[in-house]
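Dumping the structure here so I can ask a few things about it.
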């Protein structure tokens, strides 16, 4: 009897998409306005999904208040009101696309959560662009 | 050629999370403010998903108007403007967490719908806390 | 050059609509399912609007972080995960309709905010029912 | 390391549900008000999901700007501000239910996208009625 | 102590914008794709605002359930799943722009509601296009 | 018979709040995490409101397609995927608070629109923080 629980949190950050091994021309060609050297930014929404069996005594798969705190401590406190390229270690050598941000968030949370629970990350860059990992 | 159809309905209800076999202290420790003895409440949103093959003559997997009526008759008419702990038989001995409410809704609907259709329930307790069953 | 700033916060609460001076029959007739004796509940959203001139040095009419804290300290901490009828002094003798809740919130905030700023409250009981005070 | 990317687009269209092989009475019985001879309409939202491995050089599974253009060129430019029954070839002999529209959109996009990427379509007819294909 | 109450309802309808006194060319020039002869359509959302003093005995400016029924009886039952141009008397000689639909809705409701209450209509044609009357 | 029309557009931008005449300490004290030297960012939503009389021949107060183009040409093309502090002339000496951004947008649009129409700007920095000018 497996149930999934989802918790949504948010952070606001600046970023820029580019590949340091490419010329400026190639970066502009590939990333367009997302390659603005002065950065741009988003209101990111994260949804964390955990799947498992509800506990007999609590009726919880995972306490939502604890899940909220876990995401805040490990992800949003780190990313909120930051520049992903300049301020976040994980993106020093990794392009902060929505895809890569979702993978980084997964890696930040995976070992904080019991292995019996499946973990999935949804990241909304805008209301119209979002990603899911693992898919 | 399987297609899934989703229908969203809502109900407003009061509830309280606690385990009658535990002390007040333990209930407060585990459920925190969700254990307020005078209850609190939510605008719940239910999404019911049915998966099957569209009918050749109608183009419907299931008529959405009929699905809406089915959910209203079996679920929302029963739960809307009620106290889940006090007024609903199913929660007399079951903690009304989002996880357990989703399982109860599944059980209320499963035998009302043809077995050839897969059934899944999504329950939103708030915009930021939601669950899925079966997962 | 007057600008208005808006800050949205939320709380989840149980309530029941009834008039203690009326018979049960009249209460049922007037308030219908909102008069369920075991209560029901909502995810309330509050929007607080302050109107004034932006400060020359900060560009702020009012610091949104401070406005958020002010609403949390004076309103949502008090109402969240509570039963408005049973747990909140202001509704001991006042029916907790959306209209009355908005007036109570206004009164809780008015003397915490400089008189040079106009104050208005929007209260969403559901996505489809909401009120504004003063109007 | 598979990641899914989602892009949402929209179009506004008129349609009518009916089966030309049935009598008017049977059409009314089955499709109700959706069979209004003068049509009715919706603000449709499409979500296109592509699943694959992020490219090492770009960090993209698929460039969202290109995905947006692909959907606009092949789907929304064709359907937007149109009458699905009267103006769109694909629905000349196919009832434009949400289920069938999703299948048609899948078929319009499938051969425009590399086979290594899985494709899924979500179509929202209203906020409360939506479908997914393949499911 | 005036308070405003708002109630949101919806209807789905087809329409076409054009002026019968103009040539096809001029209609195309002015109304563009909104002048598609086969019509297009929308999920319209109506918000009705009533402003007055809360009743001492009920705490209501106006009972939201009654307001919902009033809008359904006089507006949405009439417009829902219809073609505004073909099926609705009021638009036989009036272009069904969002502006004109809002004025028509106001006129349908004004004499059903006590004159002591101010009435205002908000009409959402899409999430991004909406109107207010009187303004 | 005055009607208001509203059009919503969006842009994504980076910004930082600080006052160059203050010390770093004072900037941190006043602007907190909004003063991150590497910037942060938002998905901004602009709503432009125009109030006037509907034209007899078109039924329009203002053509929404033209209003959309006007906002895109004068505001969002300029601000989208930019750093407000570094890339936008108007904020070289003006702190890009939501209040100030709304005033700048008003000034960019006012002389592009007939004086007979009242203009108002709503700017959403997040779903929970927004402003209105003039108020």
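Residue numbering begins at 1 within each chain, and the chains themselves are lettered A, B, C, D, E and F in the order written.
Here is the rule we use: contacts are C-beta pairs under 8 Å (C-beta built on N, C-alpha and C of every residue); 3 or more make two chains touch, one makes a residue touch a chain.
Here the structure is a predicted model, which is why all the values come from computation and not from measurement.
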item	value
Path length in the contact graph (chain C to chain D, fewest steps)	2
Chain copies touching (chain A, chain D) - same or different residues, decided at half shared	different
Longest centre-to-centre distance from chain D, chain (CA-based)	C
Equivalent-chain rotation between chain F and chain B, CA atoms, steps of 5 degrees	180
Gap in Å, rounded to a whole number, between the CA centres of chain F and chain D	33
Computed distance of Cα centres, chain F from chain A, in Å	28
Touching two or more other chains - residue numbers and ranges from chain A	127
Chains that touch, pairwise	A-B, A-D, A-F, B-C, B-D, C-E, C-F, D-E, E-F
Of all residues in chain A, those that touch chain B in their complex	1-9, 51, 54, 57-61, 63-65, 68
Residues on chain C engaged by chain B in the complex (per definition of touch)	10, 12-15, 33-34, 36, 38-43, 80-83, 86-87, 126-127
Residues of chain F that touch chain C when the two form their complex	17, 19, 21-22, 30-32, 94-100, 102-103, 127-135
